[in-house]
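Each of the next two complexes has subunit A plus one more chain, namely subunit B in the first and subunit C in the second.
The block that comes next holds the complex of A and B.
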């Protein structure tokens, strides 16, 4: 740990010397790690796109432990980074503690929730249930057994939110379908346990599931792998994961964290803060991944159904119930 | 209510897969601790072995080269542990913790610099993985009632490391309790001065114990990355090294007990994956979190002395200093 602190110190010192010239945006990745092929990687891709387009530079750090959250925030704020972008719900608390101490620095948190948003903090959320609804419809249409599975990472409301939207989409196509839902665990280790992900996949297959949706970070790697090995379909999450097992991944529920990070970095110091931004289907914040890796799996019928539901959700004709509304799901019992 | 549903074949099959890394790590700890060296670095050694086995298997395309690399990596960390706690008589717990941190950081760092895939290895394909082995006559016998399905599904169809792990149990028992080396190894964990008086090298024996521990941890890590999974993901051991330590205490440092303990812990993990079976069998819902915590609760119960007594090797944790 002391070694890590030295690295942190060194990076902060570097940041201090660089920050004097121009305020650079900073990006803090959550414990899943920068290259989780999913949520954090999407954030990194957004930042990279901003850097490539503007020629700007950004500061970044990958957290190694829970204890570093506040420390990293303070170091970046003190080094003059602006805005400081954090990924992951777990950053909401540290940001709400640190932000009032640095009123000139703008903080962004993706996925988090606070009862009161400080004036220099902007929260960005996604309508994951809408995107999950669409992949749920596709799962129900692709399933031959009438049983589909959902595997979540850490058991938190956000992940239940994914599962709830998914289940509603499944039931919209096939009201008699069975949705099996499992969570990997209750600690952050649940984001990086592919072995357990594999076993959960096998357990769901033995219950008859033939399409499985994984919203589980690094654990999802095991889910997609086992689904491909056992010759059933899987659905990826956050980033486009179709290419991981071409022809075996039905689709991926895109959560455009990259867009959120890109927009925040582009707005820079002048960005609006003090509230919530919600990116849904209408803002293209969530969506369904269609590419050359899954076009053999996606029928015209599926595409048409998804397009129609998408229009209806945007226009408000169709409402997907959010798990947060009642802290429960109308069609799925966790 | 159907109590027997709790022992569904698919659950037992999962039990075997989940228990295997625990069993190997538990036997690894057993050798080390019977030799008087506490080892909480099992987790780190498994992690290093998982990474190097997957990395070399990905580069060479041969899972056997991967396995050797995994065992090698684990042995290097064992040597570090031995050097710190035997040669320099350092604190064995601190050395173990250091190994865990070292492995967690190094694996991701090296993975990133070798493969640029964010601290993971590419997915292993073809010969880069341990494939399940179908035992002879499994298909022919699968129609035989009761025994057939058990043989075809439960006993057959695992990767070779599962059978190696199971064979390690009688192997460990034989080495520890039926050979001269085993007697000396146990003695060095109980009373190293007596061994020294007999003219046998305490340092040599303890290094041998730590070395065997390294090999077994290497097998466990390689099984995780190349048998159960098709590649390495950061922190993929997910605390299995610590569960193995709990199992070791639960087993009271005995090989056969270690098998039952790890099978029990593996079963608890496996049944936690199937809430539907639990509810169907018992008629009420059991919180998954409770099942996840049960191995630790059971270990505390054992430690508290409610069920028998767990007495660790007497000289465990103490560096041996020759009297002058």
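The block that comes next holds the complex of A and C.
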């Protein structure tokens, strides 16, 4: 009996030290799935870049159900993974519950919000409305009909936040412009419904829209596809999606989730935690994608206007109203 | 009249269906270059190899017991309730309102109130399609499935605009107060000296689900109302001739069905998440259909089928955690089980019936000369 106990104790100690020595980072993707060509994929790309550069390995899981959130967090923390990075606001609550149980593990949540941030948790947020404002300006300049569209994923405040910044940018260029806003759905399935994205695109085109901004995760793939088929312009989101339909995608609103993940993995166990990091235009956390695929679409005028607005937003001369400020948008009704 | 003996009907048919699904799944796993034997081992050890695994398996199973029973009760009345999903969502809303806005002194009282709240909301949500079916003849399959989408929209509206705490981005309610947290199996079994994993979400709702199984059995087979429901389900005309009101039975069966589906919320909302999230039900309402089909609409069958599906869910989660098998493939495996046990039932049943008939004939022809 005592021998058995000693043996068990030794193996437990071994397992613990092995866990500490391993310290692989772990990445948990939200329900949208790893290859959504958008938000989660940006996170994956950041992790991949870290792995390629350092030769390190990371653990990962794509969730299937809500109950798996806490499960995956605990399993990775117990296996010694550090830091454990989660994508999506829905992780904020499970992280705030799990983190105090594993004080030696660092947790990162992208897009989340907590009333109180535990000492071993870092929250990373983005100023999506600023980036959306810039692509909104470009949309208004590229539009000939004076009508532009916004297609959101699931109808939640975060997506309204995108749409609100976009509408403000549009109105800044052309106060008479019409912004049509639609949400794909009210369930998480709305993040991955390219068919419905395509239908909404057609509906918006029939209402006169000739530039459409998709902030809808995997659903956006259908929006961009239909826009290209119908020969109008589209705007991608999160990752650089210009290449999906070269010459048909006006630009992409970059949300550098990849940079956030890469930096967190690089910092590893020593990363600073216990607060919020906000990445805006100044930190290049959000921005506008310019590359060889949209070279022909972006005029010098657009570039100049965007650069000017960017400077103004960074210096504080221009304030883009965040939807969160009072849960409503000054220029757009949802 | 029965072609097959009862044991073959209840045990052999589902078992062969499962075996076929397992063989096909193994082929699929082989095709993507993974080891099916290792995958099965991982699923079994992950879902049943520890109290932690059991905790998750039973947690999922509890959800499926409620929704499975809901579908089963409606089946007995000849009604196909596809709206378990929406009814469970509304049940969640009921639980959230009960837990958030009334200061309960202790969970034992809160859970009773939550059961009533969830059952009431679920039943209300089923009542509208039931009324339309009973009075207007609007087909219940169409109306219940449409009500799932309306439920999602209602829940979305409530969470985004009304119940969401200020500042939070997540469309979810605040956490329920400490007093209404349900004890997990860890807390329940500790006094008996059984060490059950602390991290697993299985909770006292499992007991409620098992009681519900017994009550449904009593209702369907031991009460006059159950007899009426069953006879209405077997033949509506005959039932009407016997003086059983079709409006009454449709309404009652659907109200019970909706209440059972709604009660799932005490497990996933009150027991596990301890807050209401938008995606709380995540398909359990639909899995309930498969569970009821596989369990032959009998509470014992529903109980066992629910545990099987709980195993598939938790085993699938372990596969996703520790292998590179993509999650889509795990859905394929789950779908194969549903396909074989639910939809392709006759594929196994008919050949089996033929075998049993043939056996009976040979045994008869053998026995005749002796007479």
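Quick notes on this structure:
Methods note: the second predicted complex is superposed on the first by the 313 of 334 C-alpha atoms of A that agree within 3 Å, B and C clash if a C-alpha of one lies under 4 Å from a C-alpha of the other, contacts with A are read in each partner's own complex, and residues count from 1 in each chain.
The rule is short, and it goes like this: a contact is a pair of C-beta atoms (placed from the backbone, for glycine too) under 8 Å apart; a residue touches a chain by one contact, two chains touch by 3 or more.
Because the structure is a prediction, the values reported are computed rather than measured.
Upon superposition of the two complexes on subunit A, a steric clash is found between subunit B and subunit C.
Once the two complexes are laid over each other on the shared chain, residue contacts for A:33 go to subunit B and to subunit C alike.
Judged by the touch definition given at the top, the superposed model places A:244 against subunit B, while subunit C stays out of reach.
Of the two partner chains, both subunit B and subunit C are touched by A:186.
Contact with subunit C, but none with subunit B, is seen for A:61 once the two complexes are overlaid on the shared chain. Touch criterion met: A:92 reaches subunit C, while subunit B stays clear of it.
Once the two complexes are laid over each other on the shared chain, residue contacts for A:153 go to neither subunit B nor subunit C. When the two complexes are superposed via chain A, 132-140 is the only one of 60-68, 78-86 or 132-140 in subunit C with C-alpha atoms clashing against subunit B. The contact surfaces that subunit B and subunit C form on subunit A in the two complexes overlap at residues 33, 64, 185-186. If you check the complex, the residues on subunit A that touch subunit C are 31, 33, 61-68, 70-72, 74-75, 89-90, 92-93, 111-113, 115, 154-158, 185-188, 324.
Every residue of subunit A that touches subunit B in the complex is listed here, in rising order: 1, 3-4, 33-37, 41, 64, 180, 182-183, 185-186, 189, 192-196, 198-200, 202-203, 206-207, 218, 221-222, 225, 229, 244.
Residues of subunit C touching subunit A in their complex: 56, 59-60, 152-153, 155-157, 160, 164-165, 167-172, 175, 199, 201, 268, 272-273, 275, 277-280, 282, 313, 316-317, 320-321, 326-327, 330-331. Residues 10, 14, 17-18, 101, 105, 108, 112, 117-120, 123, 224, 228-231, 233-236, 238-239, 269-270, 273-276, 288-289, 292 of subunit B are the ones touching subunit A in the complex.
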